[in-house]
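Below you'll find a set of structures to go through.
Below, subunit A partners subunit B and then partners subunit C, in two separate complexes.
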Partner chain A sequence: MIFSFEIPLLILLLLTAAGAILVKDLMSAILLLGCYSFFLSLVWAWLGAVDVAFVEAVVGAGLATVLFLLTLFGTAPKDSRLRRPPPPMAALIGLPLLGILLLYAAKDLPQFGDPNSPANSHISPTYLEQSFHDTHTPNVVTSVLMDYRSLDTMVETVVIFTAGIACVLLLRRKAS
Partner chain B sequence: MVDVMSALFQRPNFLIFVIIFLWGLYIMVTRYNLVKKLVGMYLVQTSVIFFLVSISAKKGATVPILRSTTDTVNAIDYSNPLPHVLTLTAIVVGVATLGVALALCSAIYRTYGSLDEEDILKRLE
Partner chain C sequence: MNTFFLFVLLTLAVLIGAYLYRVLQGPTIFDRVLGLNGISTKAIILLILIGSVHERVDMFIDISTGYALLNLVGALAVAKYLEQKGLP
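Then we have the complex of A and B:
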């Protein structure tokens, strides 16, 4: 099932992703990647995933772009003109095979937007119907994230803390 | 063949997912510049998340925030919240790992003076 608003957004998505890949200058590639993240968050907002769209706009388009830019400013721009070496044989054979497999599997996927598809009909109606009674939060995403799966979210902060420690240890200058 | 093609054109999200996923993977395998490899990795991550969110959409449904807290909830009116929750975690953890990878890149640059894979390998010998 095709949502009518989707086609121009999907084309913009593909164009910015192709730009981020094909452009020769690393700085332009990273700014195009930020545009890609922003279009992605627009598509998600249209698909009804507002929380994911917010997170992608803040963390993906904002924080990831800033991190990329900081790395680029910290390293010299002299190899920002990129070479394009000939691809290895394994990539030339393996990736098209993977692509054919994925495209062949498209026939068996349920239609996108179908309310009766397995993903939308198995357990998620129970969450939608029960969550306010259980947690008194109108936003179902918040109630699942912070209540049903609160332990998971807590351990996720441990992951982010570990990543922060790793960054500090890697970027620490020697005392000498 | 024809039914595969028509199945694809009925699912443009999946087609875009496959293109961006494979292209990002190809960039990760072939390019020598480490930051360019990370651009590919970011594309792979976000394309998988895009696929998961596309599964959760329902035609004619609104965002999963209950409009009325007293009426009984009709699940067909709200899009599926569970993939949203899982992808929220995936986005944040993905950006955290991206930060570690970029910190590794600048540490490598500080030690070897280059971000090009072949230059680094030459200097390692």
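Then we have the complex of A and C:
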């Protein structure tokens, strides 16, 4: 970490999240959600998780906006303003307590980039040393994803394929 | 050099905040769409700058290109929606 640029990014993230909840019509909420996932992808990029940032920017900020708009196009009446009831008291009290609990637990996590943390010392060196010998693939991430966890990846592909078929069936135009 | 990047990143974040005010406050839907487009122009530069800080510009250029393409698709989808359904 060179300097903490996360702080302005997190402030922008919180502003867009609060705006998406508080705004008065569905269209603006969709636009603000696209903005929100874009700032989230900036946070991932700043932390160095390039793949996650790529997926978040393309799917979250680009495709999800279009899919939400298609949903609104297919379902909503012309008046898309929101009339929401006030939140229940249990949520107003319970959720901040849950957040404080999670922040308290986050103190015990290992430092960012700590070489002695369990994630970096337990199984990762084995993959880094032996993946090229096992799979003959220069990219470690690809060899883990496509070789060691190939069944997992295949079932993920099945899930995504099913979701794609469902989207096509729902969104196709009726031939008139 | 890192100090320079710090100032550029912070300036861009402040500029994004100015656009975000219009997105959050904007009375009509067009204000919000234009604000989002402005944010995306700043954000593409921001992604490449983050890439320069991490010294992995090639990866980040891919991300910013994908984001720029899909942001255009998003703006077109909003325009198409407003054309078909009329103004909210």
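Note that the second predicted complex is superposed on the first by the 148 of 176 C-alpha atoms of A that agree within 3 Å, B and C clash if a C-alpha of one lies under 4 Å from a C-alpha of the other, contacts with A are read in each partner's own complex, and residues count from 1 in each chain.
Rule of thumb we're sticking to: a contact is a pair of C-beta atoms (placed from the backbone, for glycine too) under 8 Å apart; a residue touches a chain by one contact, two chains touch by 3 or more.
Computed from a predicted structure; not experimentally measured.
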{"item": "Contacts of A:D25 with subunit B and subunit C, given as first, second, both or neither", "value": "second"}
{"item": "Partner chain(s) touched by A:C35 [first = subunit B, second = subunit C, both, neither]", "value": "second"}
{"item": "Per-residue touch tally on subunit A - higher for subunit B or for subunit C", "value": "B"}
{"item": "Touched partner set for A:N120, first subunit B, second subunit C, both or neither", "value": "first"}
{"item": "Partner chain(s) touched by A:V43 [first = subunit B, second = subunit C, both, neither]", "value": "first"}
{"item": "Partner chain in contact with A:L12 - subunit B first, subunit C second, else both or neither", "value": "second"}
{"item": "Overlap of the subunit B and subunit C footprints on subunit A, listed as residue numbers", "value": "2-3, 48, 50, 63, 70, 72, 79"}
{"item": "Subunit A partner contacts - residues on subunit C that touch it in the complex", "value": "2, 6, 9-10, 13-14, 16-17, 20, 23-24, 26, 29, 32-33, 36, 39-40, 43, 46-47, 50-51, 53-54, 56, 59-60, 62-63, 66-67, 69-71, 73-74, 77-78, 81, 84-86, 88"}
{"item": "Subunit A residues touching subunit C - in the complex, by the definition given at the top", "value": "2-3, 5, 8-9, 12, 15-16, 19, 23, 25, 27-28, 31-32, 34-35, 38, 41-42, 45-46, 48, 50, 53-54, 57-58, 61-63, 65-66, 69-70, 72-73, 78-81"}
{"item": "Residues of subunit B touching subunit A in the complex", "value": "3-4, 7-8, 10-16, 18-27, 29-33, 35-36, 38-40, 42-43, 46, 49-50, 53-59, 61-66, 69, 72-73, 75-76, 78-85, 87-89, 91-93, 95-100, 102-107, 109, 113-116, 119"}
{"item": "Subunit A to subunit B touching residues, read off their complex", "value": "1-3, 6-7, 10, 13-14, 17-18, 20-21, 26, 29-30, 33, 36-37, 40, 43-44, 47-52, 55-56, 59-60, 63-64, 67-68, 70-72, 74-76, 79, 82-85, 87-88, 90-91, 95, 98-99, 102-104, 106-107, 109-115, 117, 119-120, 123-125, 127-129, 132, 138-141, 144-145, 149, 152-153, 156, 159-160, 163-164, 166-167, 170-171"}
